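So, here's a batch of structures to check.
You will see chain A twice below: alongside chain B first, and alongside chain C after that.
Our next item is the complex of A and B:
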């Protein structure tokens, strides 16, 4: 649905996008609906935020403080920096007008007169592409004053980040948009009452906003009929790692099994080097890793499906999370200690440094992991890591602390034997490519 | 040293950027203006250059320094003419990122984070670029170079050297 015209180069121009039915939702909403009715359809659709947390978009919109006499803002989160995630980039590159269209109807629903797309600075070429699409939309009367004679006016701008994962966190993003360091704010107050410039603000992910035109086109109820249960609609999954067919796939939530997604040629196509897949991180680096067996089947032995609920089945003991849809798979040659050290280095590097458990804890974990990986660790280091992770979790201003703790807990929970191996056979792990060169170093 | 003043075209761009934000929120334009400053008058943001930006946006110099130093894309210290930024994060590390970085280090004769003696290249490995499905990947300026092989790296570096007239 979302990616329907992604392969069609015509879709990238306004004229082409219109020919394909584009901007119909703007006509429909601005000319024939009230903002409340648009919000109602999004609620009925059961659309959940696609940025990672899966919070219902309609509900979030309903929290927006509409009584305040301050301006309201819609800010699109295009900061996409969660390792393994590259779906928003694909969407914006192939369907820039779908995002612009979504921003117009969503801003209308929220009563925003100015809206922003906050895009990570590394995507500067996409910023230029979006600005071009926005320019076309102004020229065609879909943006600016009195859009299509409806009386509704909207300005839309793109704002670049400067290279900081933390700016994906919505309050850090707002700080950054105000020209400051990306330090997350203490909540409450929530952006719905005090967001950008202290005004009521909604922050939504690119994919969430790009789905709204489809919800309006087909109606909220019809959208909710796609998918399974509370996992309504479709989700973009960016797949990478040791698989044959990396790329961005759109799946109907709950209708594709994890086995099919990993092995079928319609999706990942199975392992690429002929070695069996050992582990999967299905929702971006922050969600728990699962060993293959638990990825394919829940602890109860049921086939696991690609949906919010099924991936979460078993909680963090035997389950994981759909997260951002940043899916990556590791085969038998991957060293889980090295993988965790790498990811922990990432969180340490990206910690904004405001809270000591996150700032110090991530640095400490990185150090301990580095020495384990180099064959200089002790057995007690393994429980030390679990302990540090526990002390970070829940004790920080923003969820980056949790995001750094979960991979540590899950890597050790499911692959403790690999950590022990590093302590017991230091000479075998001296070569940094031990995973690949010495598969024996990674016993089952 | 280029003159620390924007060209008329860049000044027009600053004006366009400022119009994106409320009139009393000029500071909001800081990130886009710093990108512009680094592109036009860089490749690094010297203290006088940051002071110039502060003046344009009517904010204090410290407000610019603290922001410039927070974000990895801004070079607050001198860098080479071309900054090579290979991704080093997990998904890419599964598909050759470590080999790519090691190859670049060997080829350029420098370590990650350093600049070649001729001032042409700075090597700075970076975190996930949103290109994990096309690993190994390296960003140079605004361009993404994906699914890299060593031969392509050789070609890329050759092209950059030619562009610099070396």
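Our next item is the complex of A and C:
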């Protein structure tokens, strides 16, 4: 649905996009609906935020403080920096007008007169692409004053970030957009009441906003009929790792089993090097890793499906999370200690440094992991890591602290034997390619 | 007015009051420690996480607990809220962890730190810290920078509370320093080498909970526990002129704001009072400041406080057997004799 016209060069121009049915949702909403009706459709659609947390978009919109006499803002989160996630880039590159269209109807629903797309600095070429699309939309009267004679006016700006993962956290993003240091804010107050410049604001992911035109086109109820249960609609999955067919896939939520997604040629196409897959991180680096068996089947023995609920089945003990859909698979040559060290290095590097547990704890975990990976660790280091992670989790200002703690907890929970191997066979792991050399490196 | 219960004690507070403020209203041991919050600085708090508490019931209408511990300094109370601080093992366990986090990269150079003796981090770790460290790596260091001839920056001691940043914005109203870098490389700095010299900027010294910002004009001059803090004032055109003088004999070693409840100054003072009035004659001395009896600063000073000797029958018997002299001729303890000034030992 979302990716329907991806790859079609025509879709990148306004004229082409219109030919493909683009901007119909703008005509429909601005000419024939009230903002409340648009919001109502999104609510009925059960559309959940695609940025990671999966919070229902309609509900988020309904929290927006409409009584305040301040201006309201819609900000699109295009900071996409979660390791393993690259779907927003694909979407913006191929379908820039879909995002612009989504921004217009969503801003209309929220009563925003100025809206922003905050895009990560490394996506500079996309910024130009989006600006071109926005320019075309202005010229065609879809943006600016009195859009299509409806009396509704909207200005849309694209703003680049400076290259910090933390600026994807919505309140850090708002600080950054205001021109300040990208430190997450202490909540409450939430952006819905005091967001950008202290005004009521909604922050939504690129994919969330790009879905809104489809919801309007087909109607909320019809959209909700796609997918299963509370996982309505479709979701983009960025697939990478040791698989034959990496790329961005659109799946109907809850209808594709994890096994099918991993092995079918319609999706990942199975392992790349003939070595069996060992572990999967299905939702971006922050979500817990699962060993293959638990990824394919829940602890209860049921087939696991690609949906919010099914992936979360078993909580963090035997389940994980759909997150932002950054799917990566690792085969037996991968060293889980090295993988965890790499992820932890990322969180250590990206911590904003505001709160003590995350500022100090992420660096500490990285150092202990480095030592373990280099074959200089001790068995007690493993429990030390679990303990540090536990003390970061839940005690920080923003979820980056949790995101740093969860991979540590889950890697050790499911692959403790690999950590022990590093302590017992320090000589073997000194070879930097030990994961590959010794696929069984990590006997259970 | 909302009613809130903290560690079993109930109080009524104005709407919008934070849990920490409500706890301070009750007072006593149940008040959570606060390393970054400073009631006189808008926007402060929420960062250090030492004040985390458990909300066991959110309100009368919603008696469910909050899923995570919350920062008491920035969480408003609701009517019927039930909060556990010292009564929650989870809170105490977490607080220990936070102290550990604050200390793993701290240089622990208390023996040469001017803040020692009045350092919030020392007090906090005394109350909640572990005996030994589990951190086995090299501690973080920073390139030293000079921020002027009045204020000394020791970045390694900083706990990133942001109080000095808010002070420069709100009290000195002129900020040339800020936080540069991110994560554990974040540091207090001036970007382009610059001196902190606006009129009220000296207050960063008083708000800094640790020895990261100290008074350069009194650097290594004396350990604070060898000084007598006196309340004093002078007619000042810039501030209230009400200060604490730290004197040794007739010498004014340093001047600070009057640090009172929860380590906060009663009033911010200007740079002239702090740095340029170091003669006793500049001041009208009101009298000695009250110092917590548990503070190391109170040691030595208040000679009218005498140690009480409890003499038991057994004690007298022992003395008699040992052939010692009568009571009162006992040798002087280490606290009563003269002592070398350790500052002299370290400044060289």
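Heads up, the rule we're going with is that the second predicted complex is superposed on the first by the 442 of 444 C-alpha atoms of A that agree within 3 Å, B and C clash if a C-alpha of one lies under 4 Å from a C-alpha of the other, contacts with A are read in each partner's own complex, and residues count from 1 in each chain.
Just so we're on the same page, contacts are C-beta pairs under 8 Å (C-beta built on N, C-alpha and C of every residue); 3 or more make two chains touch, one makes a residue touch a chain.
Quantities reported herein were computed from a predicted structural model and do not represent experimental measurements.
When the two complexes are overlaid on their common chain A, residue A:205 makes contact with neither chain B nor chain C. Within the superposed three-chain model, A:328 lies in touch with chain B and out of touch with chain C [touch as defined at top]. Of the two partner chains placed by the overlay, neither chain B nor chain C lies in contact with A:194.
Of the two partner chains placed by the overlay, only chain B lies in contact with A:121; chain C stays clear of it.
Of the two partner chains, chain B is the only one touched by A:89; chain C is not.
Which of chain B and chain C touches more residues of chain A: that partner is B.
In the superposition on chain A, A:106 makes contact with neither chain B nor chain C. In the superposition on chain A, A:164 makes contact with both chain B and chain C.
Contacts of A:396 after superposition: chain C is touched, whereas chain B is not reached. In the superposition on chain A, contact is made by A:350 with both chain B and chain C.
Taken together, the two complexes place residues 164, 181, 349-350, 352 of chain A in contact with chain B and also with chain C. Across the interface of their complex, chain C is touched by residues 164, 166, 181, 186, 188, 348-357, 359-364, 367, 384, 391, 394-397 of chain A. Residues 20, 22, 25, 27-32, 34-35, 57, 59, 63, 66-67, 70-74, 88-91, 93-95, 98, 126-135, 139, 142-144 of chain B are the ones touching chain A in the complex.
The residues of chain C lying in touch with chain A in their complex are 45-50, 52, 67-69, 71, 74, 76, 94, 97-98, 100-102, 104-105, 134-135, 137, 140, 159-160, 162, 178-179, 181-186. Residue ranges of chain A in contact with chain B, taken from their complex: 80-86, 88-89, 116, 120-125, 157, 159-165, 176-182, 197, 238-242, 246-248, 285, 326, 328, 330, 334, 338-339, 342-343, 346, 349-350, 352, 432.
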